[in-house]
Structures are given as C-alpha cells and as structure tokens.
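In the two assemblies presented below, subunit A is common to both, partnered first by subunit B and then by subunit C.
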Partner chain A sequence: MKASIGWLLFAILIFPGLFFTGVLGLIVGWLDRKVSARVQYRVGPPFSQNFNDFFKLLGKETIIVRNGIHSLFVIAPLVALGSTVLIATLVGITLFQWLGVANDFGDLIVIMYLMMVFSVMVILGGSASGNVYSSLGAGREIKLLLADELAFILVCLVAVIKAGYTFRLDAILATQQAQGMFIASPSGAIAFIVGLLCLQAKMTLPPFHISEAETEIVEGPLMEYSGPLLGFWKLSQAMLWVALPFLLIALFLGGFTVEGYGILWSLLKYVGIVVVMILIKNTNPRIRIDTALHFFWKILTPLAFLATILAVLGV
Partner chain B sequence: MVSNLTLIVAIPLIIGLVNLCLPRVLQKLLTIAGLAYLLYLVYLIYKGGGEAAHLYGSVIFAVDKLSLFVLIFIQVLSFIILIFALKSIVPSDERFFFPLFSFTVSFCNGAVITTNSIIFLVFWGLSGVVLYLFGLIPRTDAASQSAKKTFVLVGGSDVFLILGLILVWFLNPKAGWGLWNTQIGLEGELAYIAFFSILIPAFAKAGGFPLHTWVPEFAKDAPIESVALLPAALDKLLGIYLLARLMFNLFQVTLTMHLLVITLGALTVIFAVMMAMIQHNGRRLLGYHAVSQVGYMIMGVGTGNPIALLGGLFHMVNHTMYKAGLFLTLGSVEKKTGTAELDDIGGLGKQMPLTFIAAVVCAFAISGIPPLNGFYSKWLVYQGTLELIQSVGRGAQIWLLICLMLAVFGSALTLASFMKFLHSIYLGRRQEKWAGIKEASPNQYLATLGLALLCLIFGLWAQPLPLAKFITPILADFGLNPAAYLGSYQPIPVLLLFGVIFILGLLVFVAIKKVRYDAIYLGGMEALEKFRIAGTDFYNEIKDMKPLRWFYRNAERKHFDVYDLGGQGAGWFTKLFQAVHRGILSEYNLWIVLGTLVIIGVIYWLV
Partner chain C sequence: MGWYKRRLAKSLWVFHVSGSPCNNCDIEILDLLTPKYDVERFGIKLVGSVRHADVLLVTGVFNQKIAPRIKRIYEQAPKPIFVVAIGTCTSGTCCFKDSYNIVPDREAVIPIDVYVPGCPPKPEAMIEAVAKLIGVLNG
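Coming up: the complex of A and B.
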C-alpha cells in the first residue's frame, strides 16, 4: 500500500514516531532510574521526574561557546534527534504493520547506517565547542562505535540469513511469524545475546559509558551543552531505549502481536530486554576503551561469527 | 564531417599542444573554453550525435552505453576540477599543469571510446605517462620518488595489458583487435593468463589491492589538483571501465573468478581503510581512502549480477565526486596553512565555513550516511552480493558473507577515519597561529560546494537521475535484465520524515531563544594550548592492539608493498648475477654452452 502524506506525518510525529517514542523513552528512563535506585537501596525518583527534567531544560538558557562553531553546535543535537526518531519510525512502522502505514521503509542496511548518525552527531557537536574534554570523549565515542559495529553487523546478518537472504525488515518478521522466533535456534540465541551487548554499547550505557564518563571527562561531548539543546540530547538518548530494543525484537523475537494475551507477551519481550539492560548497567563498572575494543573484537565478534556460520548451516 | 567522437579526443590534445607555448593567462582561458566546449560535445553525443569515427575503413571510435557514461563523467569532473585549479596552482607550476590537464582529458576520452585494443593501449599508456609527469611537477626528491613508484606500478602493469590484449586476439582472432565484444570462455591456461594480465592493469590503475601502494604516495607529493583529477577521479573511471569490459565483454567469467575478484575487493576495502585510520598526513589519509573505496566498485563489478553492477558503476561516479571534493577541500586548507599534516591544523571550521560544509558533505557521502550518494551505491553493492549468496553453495556462502561483513564494516571504519579528518582540520581547538585564516577563494569553494551538491543530488534522486538515465541502460548492453531490489529504501521520503523532526526541533529552539555566549568551561582549569587534542591519536588503541600491532608495524615498514617487495626481488637477482660475473673467461664459455643447451631444449619442447 502506498502511504499518504497524512499517514507518514502521523507516523513520524505521533505513532510510532516522536510522541510515542519520546513518551515511552522517558517512561523507560524513569524505570531505569527506579530499578537502579532499588538495586542501590534507594527510593528513586517519582514517575514524572524525567518529563519534568526535559521540560525544565527547555526553559533554561542555552550557553554557546564563543569561539566554537555555533551553527554546528546547534544543528548536531537536532540531527541526532531527527535520526533517532527516524530509526524509531522505520522500525516501528514495520513492527506495527497492522496500523496500515505502508511498510516500504524498513530496510536493515538503511537502519544500520542511520544508527551511525547519532554517534557522528555526538562527535561533531561535541567537538564544535573546542572543549578538550569533548574532543577526548569524541575520540572514545568513535572507537566505541568501531568496537561494537563489527559484532552488530554479524548479528544483523544472522537475521538476514535466517530470513532467506533479504534486507527487508518486514520479510524478516514474516519469516518469523511463519517459522517461529529466530531466538529459538542456537544461532539466533547467540546472536541475540551478542546483539543485546552491542545495544548496551550503542547506547553508551555502563559498562560502556566510556565516551561520557561523567566522573572522568564530565560527560565528554555533551559537556558544553545546556538548555533545550541538552534537552534534545537527553530526549534522543531516551528514545534509543525504544528504537534499539524494538529493532532487536524485530530481528530475533518475532515482533509484536496485539491479539488477546499477545499484548502481554509483547510487553514482556520489551520490558524483559529493558530490565536486562538496566541490570547489566547497574552491575558493571566502566571499562577502558581498549578493554572494550578487546571485548568486542576478540570475544563477541568471533561468537557472532559462529552464529553466522550456524545460521548458514541452518541451525 | 569530423565525428564528435574524434573532436572530443582531438580538441583537448590540440589545446594542450598550443598551451605549451602560450602565456599563462591565455592558457587558462583556452583550457576552460575548451573544456566547456567538450561538455557541449558530450551533451551532443548523449543526445545521439555519437556516430562512429573511422580510420582506413575500420571503426576506431564509437560509444556504447558504458563508454558514454564514463565519457560524460570525465568531462563533468575535469571541468569542475579545472574551475578549482584556475586560481590555486603555484604560478611557477602553471606552465606545465594546464597543458598536462588537457592531455589527460584527451587521453582518458580516447581510452574509453575506442573499440580497438591497440589504440586503447596507446591512450591507456599515455594516461599513465601524464600521471607520472604530474607527479614530477613539484620538483622535490620525495615527489620524484613517488612519481617513479607510480610509473613503475602503473606503467609496469601496462606490460601485462599488452600481453593480455595479444592473447585475447590470439584466443578469438575473429573479433580482430576488438575490445568490446570477444566473449572468450575461461578455459585453458592461456585464457586465464589473458584474464589476469588484463585484471592487473585494471587494478593498478584503479588502485585495487595489492597494486594500490602508489596512490597514497602520489597523493602525498603531487599537486593536489592533479591528485583530485587522476587518482581520485579519472583513474577510477578508467580502471573500473576496463574491469567492467573484462568481466562482461572480454570473457565469460566463471564463479571462481567472481569469488576471487570479490575477495580482492573486500580486502582492498578493509586493508586500505585500516591504513587510512592511522595516517597523520591528510593527503595520505585521503589517498588510502581513494584505494579503499575502489574495493566497493571491484566488489560490485566483480559480482556480476545486475544490482551489483549498478552499484559498482554508481559507486565509481560517486567516488569521483566526493573524493575529488575531499581532495580539493584539503587543497583549499593547504593553500592557506601550507601544510597537510593533521597534527598542525585544527579548528578551522569557523574561518572556512563553506569549505567545511563541502568537506562534511563529502565525508558523509564517502562514509555512506543516508541520504547521500555513497550510501545508495553501497546499498546496491550489498544487495548484489546478497543475491549472489542466494545462488551459491554453503562454503561460498560463508566466504561471501565474510566479504560482505568486511565491506559493511569498512564503511564504519571510513566514518571513523573521517571523523578524525574533520576533527583534526576543522573542529576542536584552533591554534593561535591560524587565527588570520580566511575562507578560500570563490572559484575554490564553488568547485568544492558544487561537488558536494552533486553528491546530495545523486543521493536523493539516485533512481530517476543517474541510474535511470546513464547506468541502467548499460545492463542491456551487457545482456542483463534489471532485477528487483532485495531491500527497500526511498531517499526522499526518508529525508522528509527526518526533516519534519529536525525543523520541529529547530522551531522549538528558536522559539525559546534564550542564548548566552561564553568561554569554554574547563572546571576552573586554564585553557592552555598544550592541552589541545589534535585528533590524530584517536586510534592509537587500535594501532597498539595485539595482532593489529604486528600488521601495522610491518605495513609502515612497507613489508607488504608490492613495489618494495619487487625492488627487493630485483635486488636479489642482481646480486645473483653479480656473483656469477667473475671475469673468468672459461666460466663465461661454460655459461654460453649451458645457455645454448637450454635454448635448444626449450625449442625442442615447443616443437
């Protein structure tokens, strides 16, 4: 079905785009803080805390570094926000096909490349200020991208192979609806675990928050940001909590169903992934960038490669 | 009446010859007028005015869809680069630069429109000679070393081309010296020797692994406009043009050869980009990328199915645009700062905003960020590879998947390397000594922004513009039917969706509009210049990582360089002969007798 402009606007602005992803992302952000607090024997913030934070940032003053490149400094968080919403929409349109929005958009290669845009903007925006901490963080951000990208490509390839060699996300989903979730096979299970750890790094969550490293380089690339621009960064990061787990669900957990108990089952998939990520986040200290490279290139990549070979063999 | 095809070769040749004895101002005027006329000629040829040119009754120049496609982009690219060069060459070098420029265009045009393999050989060889002469322009020791290396690799590979074309004639004498349609089956040793003999010059010219080592050296020392013209643009067009002829017209290629070429392509991507990442010199960095991107073209053309071929050829023109753009932006910076060492520059984005924008767009395009052109062509190449994977056995499937993985990862590495490039030149902290730098001259930023704009246009309207107008028709010439894509990507809706959010965010920011300007915040520390991060050391962790450390160390000592290995081999042979050369007459007699016996034996064996 060809999508009308109205549908597309609805998709990008309301569902599954900006509004839905933003609200859900901020709620998950609250969940993150609450679970973290419980792990550390604290009470944690109230439900509305993340919304309050975001709207408060919108009302604050923006400080721009006088000697920096102003336009790039302003544009970077907006591009990051746009690309994050775009990923969420592309994945979401495919996941929620029953909405009737044309699903001619979910291409895995496009999504993989769009996912790099976020890191690129973190680097460009951060170093546009000329702050030395931002430059340090930028260097780490790009190394982290390199670290997880290789394993992540293989993870995606596993789904591509199992779906009969196609990059179309809807075809990958359709195969799973016909043959069961990919995670149920050995190759799918390995790829899912590796993929989950890759997400952890892609979202720069602990133990991979090397580029922001608050205690060491003071949030690195985001250091000079304030006001609405910082709000946009935080909103994009919250949205990644939706977009990336959704992608993993589409690739290995067979997407969402909305009939009867299917809703609960769908919810469980998502919340399950999120809680596992929060727990990993809370139980691991920050590692160094060379350790991260080592971990991803020498441990996870061979594992993911094994999964690829198993997938080719049909296991 | 003289054919347009003859004119498109003859006019630049004549201009070049006349230019050798004209004053500088007239030189420029004549060259730009000539190239503008060539653009008009190529438009006429595109509109159907490309009737074949004959010499002594046989066709020498003709166009089919492939050569037309390459011809168009030779004119477009050389015209844009010429605009840049008008006011950027060191005055003392202009005397030779502009004549060489016209010669280059003439020879490249000749090589792509001739149907005769001997004439092709002449033009191909001459285009290598002008490359060498460009390399000599700076008249430094380093430059002449690089030029020599270039000449040995590119010119040396022409020997193989001669052998290959003779063998092609021998294998299929009915086609005469035809280059465009021999369709020799790959059977028997001779056919394989011929195949590889033509593959080698194509790789050497385009810069494919392992014959790529001249590109970064040449890029480092030659005038940057000539680097943008030849290794970045026209050599890619020529090399991949020959590869396409080889894979589709000259031979009926077997699956094993497809796999071999794809593997070489993937290795080109990954090795070159790994080397690019650790470079400290901007020109060498771009030079290694000029190699790495060839890998995608080789993969695309080597895969041999319609989608991959579309991708490979599309990537070829895309590469010429963004790589020429990147070299030229670096050129603009270099003219201002006098250096291409990334450690020394930094923070110029505010002073050279237009050059910066062009560099960012081209860097995004080469890294394959949607919706730019580099992404579209890579996307096609990946699909083509995936389609081939569907139809082969399991062993080959795993092999091809590794190649695919390396290619996809290659673009992440490219992105990383360009983050370093952009950071080191335009971002981060500026050094005080560069405070007085201003934007490049209008002809320079018009050229670079023009290339960046082309990257954007070819990315957004990839399907209706370059693919439908120029590239898809080639498939029919090669007897292929366009196949359905294995993915779904529409650049314009994707950009619009993105744009909605971007503009919304911008409106919110502008509506709030509480902005204050302040100095950098360093937590109370003083912002000293010695704390500057140049960005060149971003990848030291990767350089020092265990198996890679060995690789990098040996690569920096040129232990993997065909040129140096060849030099060592030649040295070894010389030593051997030196040892034999002892000046004792009776020993010489013995050698003569032994040699005669060997020759008799060979003749006996042959007959």
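Coming up: the complex of A and C.
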C-alpha cells in the first residue's frame, strides 16, 4: 500500500479527487439536463454545456455585496469545494483499490462530518450575503439538514452493523466482497431506498430543493453569488453527483469491480442510481418544509430505524 | 479572449427585466422558454437572480420613473453583460413617442446591443436576435 505524501496529493488533486470528480460530475450534470429534457420532449443541451457554463462563470465579474460579511462570503464556497473534494477522495480511494492508496485516515464518521460541513457552508454563505432571500434559503437549509441527517446516519449505521460494527469503509467493502452485497438482505434493501431519498435531500434536488427554490426565493443561498464563486458552488454541486452515489455504492452495492465484464456491471450500478435520482427529480414537484420534515421524521426515520433493528437481528 | 467569448456564446443565461411593459412581450418571452422552442439547445437558461445573468431581456418603454431602476439593475449585473431590447416599445417607443414622461435617449440609460421590434415580437424573432448576439461573440 502506497501512502506517501506524493500519492496522497495525486489522489486528492487528480484521480479520485478534484480533477476526475469534477470532470465526471460535469458530465453527469449534462446527463441530468439531457434526461430531464427528454422527459419533457425536448432535445436538451449539447454534451459540453456544463463545461461551457463553468468556464464562462470563471471569467465573469465577482460582485461582493456591500452589506454582507465579506470574508465568510468568499470562504464558504471554497471550503464547500474542499470538503466535496475530500469526500470524493476518501470514497474514491476505497472504491478504486487497484490504485493502491491506503485509506487509513478517513472512516465513515469523517465522511458524514464532511457532508455536514458542506451543508453548513451553504448555510454560512447564504447568511453572509446580506440578502433576505438568501437568509430565508439558509434557514430552510438548516431545517432540511435537521430533517435528513438522522435518517442518513441510521442508514450508514445499517452498513456498519452488517459489516461487524466497524466504521472503516474498506472493511465494509471487504465484508460485501466476501458475503455478497448488503442490498440483497431485507435490512440492506430498506436502508438503500431510504439512503437514496436522503441523498436527494442532501444534494437539494427536487422534490427537496426547498432551500434553492428558483421560482420562489431565486436560488436561495446562491442568489448573491456571481462569477467564479458561483462557478465553485456549481462545481461542488456537480461533484456531489459523483461522490454521494459512489458512497451509496460502497455502502450497499459492493463497490466496483474492474475484471472483464465487471466494468459494465460497475457502470450500470452508478448510472442506474443517477438515472433513478434524475427521474425522481423530474416527476416530483417541490414540497413545503413542513411536509419534508413530516416525510423524514415520521416515515423515513422509523423505516431506517426498523432497518437498523433488522440488521442487529442479522436479517 | 476569443476562446472565452466562444464559451460565453454557448452559455448565455438570460434575466428578464420588465420595465413598464404591457405584459405582452413578457408572455412571449415565457413562450420562448417553453419546451416547443427549447432554447436550452443553445445553452440559454432563464435565471432568477441578476447576479447570474449574461443577457438582460428588457421589455417596455423607458419612462422617467423606470429608467433609474433599469440602470440600477444593469449596474448590479456582473460584467460582461449584454442587453436585448424586446418589443417595439423598447426599440422605438411605439405609440408612446409623444408622451410627456418618456426618456428620449434610451442608450444614455443603458447600452443596448440588439433590438427586437414587434408588438409583441414572435419567439422566433427573439431566437434570431440572440443568434445574432452569438454571431457577434463568435466574431
């Protein structure tokens, strides 16, 4: 196992980290827009659309609002991008074991923490921009975080229990390679479905785009951002399209295999999850924040709790 | 610079500024953004915040009450920004040309890049105008 500083930098900046996740995330962002367009009987944007959007945003003027907190306004998108890169790296070096970088420093708790850092940065960035709609969006983001966090932790706990009470991602993956995927058991299947809906809320996709409602509070926390800072927000949202489905694959679908036809099977797992998320996104209208709280606390959290109990019983 | 302008031409996000219109042009703009015309093919997207905009679609006649506000919205937008004047009112003050509260020189309020005459202009005419803008950007 190679764990020198050079390999770590390579992992963070190039392969499972910034470059790879960024490029794949923008491509998946195009897939999202294309599938949405096909659902609405449109043609949809060309393949390079999201790259054009990102490079265009890098060259625009950055406007810093006078009555906001300037330092926080600038730092929030950068920290959010950094935490997304770290999630992608930690999940990536575990999934792509042939890379040979040991994952000795980031277990599931670190990943859950980093995902929360992303949401907290959205809240801080929105509150720092001195705009009424942004602070409304930030408030809704807090409520959404409170709604989905418990269900998501319980979902992660199911995988932890089934792997023999270990928080290490590589141990969870190794257990699945030995005993089959966790999704094949009842508790794993329930946890996977709940986890998929939690990801939808974590990425603030419809029907849970309550904090960014374009038609209602004009993109909420991102409203006052312009130019490169907006580009970094868009890039980190695109990278979540890669990092979070990868995490779900690592937790319940047994990771990726690279031998022979295994590559196709791995691709199918990822594209399948992404397309299901896109279809949920396109077929559901935005719900109110109290409906979201009701949905997560009264339906999904008890379901996830049931899955945890089943996992403890060994089903 | 040419490379950047080509990227910009493929990703124009439009923001809708309604400066005292009669609402017909605005309805036609909404028609333009429906699946039938599908302007997302060209990377055109409607955004809700002026901070994200690349193109301002201005409708309505510039009178003395609305002119300072249009100017303010223009100043709030991140540069480079382009302005498309939609409709006969914005292009040539239409039937209000002898009115007492008209701002006679529109270009003194904000610089306008493309004019789209018509009362209201058809969505095809607006697509043509934006295509002209893209042509200018591509050189």
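Simple rule for what comes next: the second predicted complex is superposed on the first by the 312 of 315 C-alpha atoms of A that agree within 3 Å, B and C clash if a C-alpha of one lies under 4 Å from a C-alpha of the other, contacts with A are read in each partner's own complex, and residues count from 1 in each chain.
We take it that a contact is a pair of C-beta atoms (placed from the backbone, for glycine too) under 8 Å apart; a residue touches a chain by one contact, two chains touch by 3 or more.
Predicted model, so just to flag it, every value in this text is computed and none were measured.
**Student:** In the superposed arrangement, which partner chain does A:Gly44 touch: subunit B (first), subunit C (second), both, or neither?
**Tutor:** In the superposition, A:Gly44 touches subunit C alone.
**Student:** Taking the superposition on A as described, I'd like to know which of subunit B and subunit C A:Phe55 touches: first, second, both or neither.
**Tutor:** The answer is second: A:Phe55 touches subunit C but not subunit B.
**Student:** Tell me which partner A:Arg66 touches in the superposition: subunit B (first), subunit C (second), both or neither.
**Tutor:** A:Arg66: touches subunit B, not subunit C.
**Student:** Regarding the shared-chain residue A:Ala191, is it in contact with subunit B (first), subunit C (second), both, or neither?
**Tutor:** neither
**Student:** Using the superposition on chain A described above, determine whether A:Leu230 touches subunit B (first), subunit C (second), both, or neither.
**Tutor:** second
**Student:** Looking at the overlay, what does A:Ala201 touch: subunit B (first), subunit C (second), both, or neither?
**Tutor:** neither
**Student:** In the superposed arrangement, which partner chain does A:Glu214 touch: subunit B (first), subunit C (second), both, or neither?
**Tutor:** A:Glu214: touches subunit C, not subunit B.
**Student:** Is A:Ile172 contacted by the first partner subunit B, the second partner subunit C, both or neither?
**Tutor:** After superposition on chain A, A:Ile172 lies in contact with neither partner.
**Student:** Give the label of whichever partner, subunit B or subunit C, reaches more residues of subunit A.
**Tutor:** The larger set of subunit A residues in touch belongs to B.
**Student:** Check whether A:Leu108 is in contact with subunit B, with subunit C, with both or with neither, and answer first, second, both or neither.
**Tutor:** A:Leu108: touches subunit B, not subunit C.
**Student:** Would you mind listing the overlap between the subunit B footprint and the subunit C footprint on subunit A?
**Tutor:** 59-63, 218, 223-224, 227
**Student:** Report the residues of subunit C in contact with subunit A in the complex, numbered from low to high.
**Tutor:** Counting only subunit C, the residues touching subunit A are 4, 7-8, 10-11, 35, 38, 40-41, 43, 47-49, 51-52, 54, 76, 78-80.
**Student:** Which positions of subunit A touch subunit C when the two form their complex?
**Tutor:** Subunit A reaches subunit C through residues 33, 37, 40-46, 48-49, 52-53, 55-56, 59-63, 214-215, 218-219, 222-227, 230.
**Student:** Given the complex with subunit B, which residues does subunit A contribute to the contact?
**Tutor:** Listed in rising order, the residues of subunit A that touch subunit B are 3, 8-9, 11-13, 17-18, 58-69, 71-72, 74, 77-79, 81-83, 85-86, 89-90, 104-110, 112-114, 116-117, 120, 123-124, 127-133, 135-136, 138-139, 142-143, 145-146, 149-150, 153-154, 157, 160-161, 164-168, 218, 223-224, 227-229, 232, 289-290, 293-294, 297, 308-309, 312-313.
**Student:** If we count contacts the way the header does, which residues on subunit B are in touch with subunit A in the complex?
**Tutor:** Counting only subunit B, the residues touching subunit A are 347, 349-350, 353, 356, 360, 364, 367-370, 375, 379, 382-383, 386-387, 389-390, 394, 397-398, 401, 404-405, 408-409, 411-413, 415-416, 419-420, 422-423, 426-430, 486-490, 493-494, 496-502, 504-506, 508-509, 512, 514-523, 527, 531-533, 535, 537-539, 541-542, 544-545.
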